[in-house]
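Shared chain: chain A. Partners: chain B in the first complex, chain C in the second.
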Partner chain A sequence: MLLKRIISDKLSGVWMLISLTAILLIPLFIIAGLYLKSTPLFNHQDFLRLISSSEWQPHKGNFGFWPFIAGSLYVTIIAFALAAPVCLLAAIYLTQFARSAMMRIMLPVIDILAGLPSVIYGVWGILIVVPFISKILAPAFNINTSGYTIFAGGVVLAVMCIPYMLNMIIEVFNTIPMGLKEASLSLGATFWESIKHVVIRKSYPGIISAFGLGIAKAFGETMAVMMVVGNSVQVKFNPFEAGYPLPALIANNYGEMLSIPLYDSALMFGAFLLLIIILLINLIFRYFIYRTRVH
Partner chain B sequence: MKRSKKTEEAVFKILSGFATYSLIVILAFIIIVVFVKGFNALTWEMVVKTPKGGYYYGGEGGVLNAIMGSLYIAFGATIIAIIIGMPSALYLNVYLLRHKKTQNTIRYILDALWGIPSIVYGAFGFTLMLYLGLNASLLAGILTVALLITPIIVRTFDEVLSTIPKGLHEATLALGSTRTEMAFKVMLKQGFSGFITAVLLAFGRGIGDAASVLFTAGYTDLIPVNIDEPAATLPLAIFFQLGSPIPEVRERAYAAGAILTIIILTVSLTARLFSRQYSKSNIN
Partner chain C sequence: MHTNEISMLINEQIESISTNHNIVKINNLNVYADSHQILKNINLTIPKNKITVLLGPSGCGKTTLLKSMNKLTDLYKELKVTGNIFIEDDDILHTTKNVPSIRQKMGLLGQRPFPLPMSIYKNISYGIKLKGIRDKKLIAFSVEKYLKEVGLWEEVKNRLNQPATSLSIGQQQRLCLARGLAVKPRIILADEPTSALDPISSKIIENLFRSLKEHYTIILVTHVLRQAVRLADHVVFMYNGEVIEQGSPNTLFNTPKTQKLKEYLVDGN
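On to the complex of A and B.
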């Protein structure tokens, strides 16, 4: 009986340890795998030219990633500019102004919004955002467009990022001790002044981290953006032009990548680049969060 | 002076309230759009038939191939993720209980893993597939999605396990149980609601994700019979068929969208119910 217990203890201990080690090795495998796959491209062109050149002619062996990086950045910036104020205000309302019943209603709403698959957001984008831009918004600026634009990508992405960032900001606000705000109130500050000068200032690192992680998420989002952004290789400043973010490049070209030399390697380099950027942002801001939690 | 303070407060109260309510409106808007479009297209034929004459050009038939493919992939991946993820979370909370630093480092890595976009998992799954000599198939899709959702299971389950009070660990060990018994008979039971929530969350993510199966699972009009056959999935059914020039095919995409949304809503509401019901019977 005792022997059986000890053996089962040892066996399951090994099982647990192996599983955990396997999971922790996943990132290393992904980095190594994608890096190895993209080495042929490194031998062909140097890294700096790869990311700064905007010549994209796979048939001639020219792989310039700048249009895609710029497209990703542009979409992300628009999404962030739209989503960040909404998140911050909603988080303030839910944690400071609203009654707790409101929070109970909103938590499932946030959950469901966060859980909807990105293609569903894409369908919504195609049905609503794209026609809205081509029929109402763009004509207001005297621009003629199909609606499949960087701006459409930004709007869809903003809606997708809101639940993600909002959740984190609410969590940050909940860690601020009630006593701090009460002290500020008792010193004669108004409710809003206490929020502005105490709650927000105190949760500054957390808010920045939430924003950073939201940006990372927006940067890597694929399907929804790809469905509405137009996907043409160009670097334009006008948000009512089509763009071509990095994830869309990878997802769009998997079919033909094996027929053109170095093309598969280029797409894997795209994935590698995306992974490194997002992993770095994640590690930096999560480190921020962990530091603030320890204190 | 006093007046401007008051106005500022009032303005921000209204603004922030507006931001909050607009979220409810947006959610309702998205779901109504998807459902109105979807239910117009959704007939019994859509659910029980596979597409006829090619998914892109043939207007007949339904999306059964994608429903079955998605369920196979999501179930397969969830099972693999449970086999690896559940013991990992338990190890983290039983064996590493006294090593706070290691625990936090591991959580940090897992959180970062959670943040990796699914297209990267898809690309990695593709290289893995070539390396193992597989074709785009059910198996490759399951493996890739499993990679994607395992960190979710571990972190969500771990989050619940870490709230179990320390006294319970001490009591268990003091009664002479081994650490395995502590893990499976006490921790798993106490954190069972978290476990179910984690599994459902991972399942929902797995069934809704398109970018990871794009390279790896392929697409077909048939329901896969073997694990090495390609499989259609609901998100890809939406994505591919929405681009078709034929209206009947686009209808199929909307129907698939409604079906996927219903599945996701069911999963997420079930997860909510579970976590509420089980947390009542817990000690903490």
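On to the complex of A and C.
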């Protein structure tokens, strides 16, 4: 009986180790696979030129990824700038000011929003955001546009990221012990001062982590953004111009035009690039979390 | 140091040594959590510059009573508080004075230490700055003074800029006490402040209370009978949301009048 229990104990440990190893190995396999598939392109063009060139002429063998990188970054920055303050303020209100009944109503709503398929957000973008930009917002700045713009992509992406980030920030705020807030209040701080200096400060690592995951998710988002961003290969810093993010390039073209030499390799390189940038974003946010924990 | 800041400090010292015998008076205090009544018609007085021990079994309402005194019950929307709590003749439940200034009259020490998420130095200076003091030299002087008062200065003077969480639990609790003293309260509300500490740290806190009662009124919540015997000048025994008996420790511990206190003393020993 005891032997059976010991064997069962050992086996459970082995299974857990195998599961963990698989989780750790999968990203490595993905990176290695994408890198190997991209090597024909590296033999044709050097890495720096690939990421800095704006010439995208696959028929002539020119694969400049800068318009796609810039498009992705621009859409992500706009989305983050719109979503981050909204999430932070909404999370503060829900956890610190609202009655518990409101929280009970809002949490399932946020979960439902987080679970909506991205195509629904894309359709909402086409029906509401794009016409709003082309008919109201852009004309207010004397700009003529179809509405299929980087800004539309940013707005749709922001709305998509809000429930995701909001959920995480609410979780973070809920972990802050009541005693900490009471300590600040008993020293003569107002409610808002206690939130600002104690609750938010204590939550820095969690907030940064939520923002980091939100940005990484936004950067890799494909469908909804692709539907509203215009998909035009150009580098424009006017948010009312069309753009072409990296995931949209892969999703739009994979399986097509593979007769063009190096095209499939270029798309694999696009995916590789996307993965590396998301890893970099995560590392940068990890560093910020480390800094806030140290100080 | 600015003249107005010096005069503010002097005024506070004068106020703190005013000679009113009872610093807290509670009349008909009731606290309800939705339909459940946590505190039932509490009437008691807390003598000045003494250690008053709120004694009773867990869940009898000691902590709620303590939190009512500095209006921390306001944080819990489900709680309804009625009655009067007079702190130095000011009815804090019905006063027009701002709540932060009322709370600064009472330093709070929790069951376990809650250092603010900032450096050791800033933990002390936080409350001082909230009082409107901006003079850096005065703040530095106060930080040193109160860290010395709780016997922590020598242990932390070379690492004041390190996070407060880097201290041991016992040190953190003394830091919290110093932080509370730095806002010059009249009363220290201590809610089982040694429950998370080792015996040595507990003894340090108890000794601190003995020396601090010369200048402060201390209201200590505990369910440890021995601690109450060691520290109390005045004892309030609570049971199921009611004050059952109150008086000097000699009277209460040697000649308890009620069956509930008798049983508690027997079980507690």
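Before moving on, here are some points about what is shown:
Convention: the second predicted complex is superposed on the first by the 252 of 295 C-alpha atoms of A that agree within 3 Å, B and C clash if a C-alpha of one lies under 4 Å from a C-alpha of the other, contacts with A are read in each partner's own complex, and residues count from 1 in each chain.
Following the convention adopted for this analysis, a contact is a pair of C-beta atoms (placed from the backbone, for glycine too) under 8 Å apart; a residue touches a chain by one contact, two chains touch by 3 or more.
Not measured: the values here are computed from a predicted model.
In the superposed model, A:G13 lies in contact with chain B only, and not with chain C. In the superposition on chain A, contact of A:I260 is made with neither chain B nor chain C.
Once the two complexes are overlaid on the shared chain, A:I136 sits clear of chain B and of chain C alike. When the shared chain is aligned, no partner comes close enough to touch A:L25: not chain B, not chain C. When both complexes are overlaid on chain A, the residue A:S184 reaches chain C alone and has no touch with chain B.
Of the two partner chains, chain B and chain C are each touched by A:E193. Looking at the superposition, the partner that touches the larger set of chain A residues, chain B or chain C, turns out to be B.
Overlap of the chain B and chain C interfaces on chain A: residues 190, 193. Chain contact summary for the complex, chain A toward chain B: residues 5-6, 8-9, 12-13, 15-17, 19-20, 22-24, 26-27, 29-30, 33-34, 36-37, 85-86, 89-90, 92-94, 97-98, 102, 105-106, 108-113, 115-124, 126-128, 159, 162-163, 166, 190-193, 195, 213, 216-217, 219-223, 227, 247, 250-251, 254, 267-268, 270-271, 274-275, 278-279, 282-283, 286-287, 290.
The touching residues of chain A, counted against chain C in their complex, run 99-100, 177-190, 193, 197-198, 201-202, 204, 295. Per the touch definition, chain B reaches chain A in the complex via residues 5-6, 8-9, 12-13, 15-20, 22-24, 26-27, 29-30, 33-34, 37, 83-85, 87-88, 90-92, 94-95, 104, 106, 108-113, 115-124, 126-128, 131, 147, 150-151, 154, 178-181, 183-184, 201, 204-205, 207-211, 214-215, 235, 238-239, 242, 253-254, 257, 260-261, 264-265, 267-269, 272.
Touching chain A in their complex are the following residues of chain C: 67, 70, 72, 75, 77, 100-101, 103-104, 106-108, 110-112, 114, 116-118, 126-127, 130-131, 163, 176, 179-180, 183, 189.
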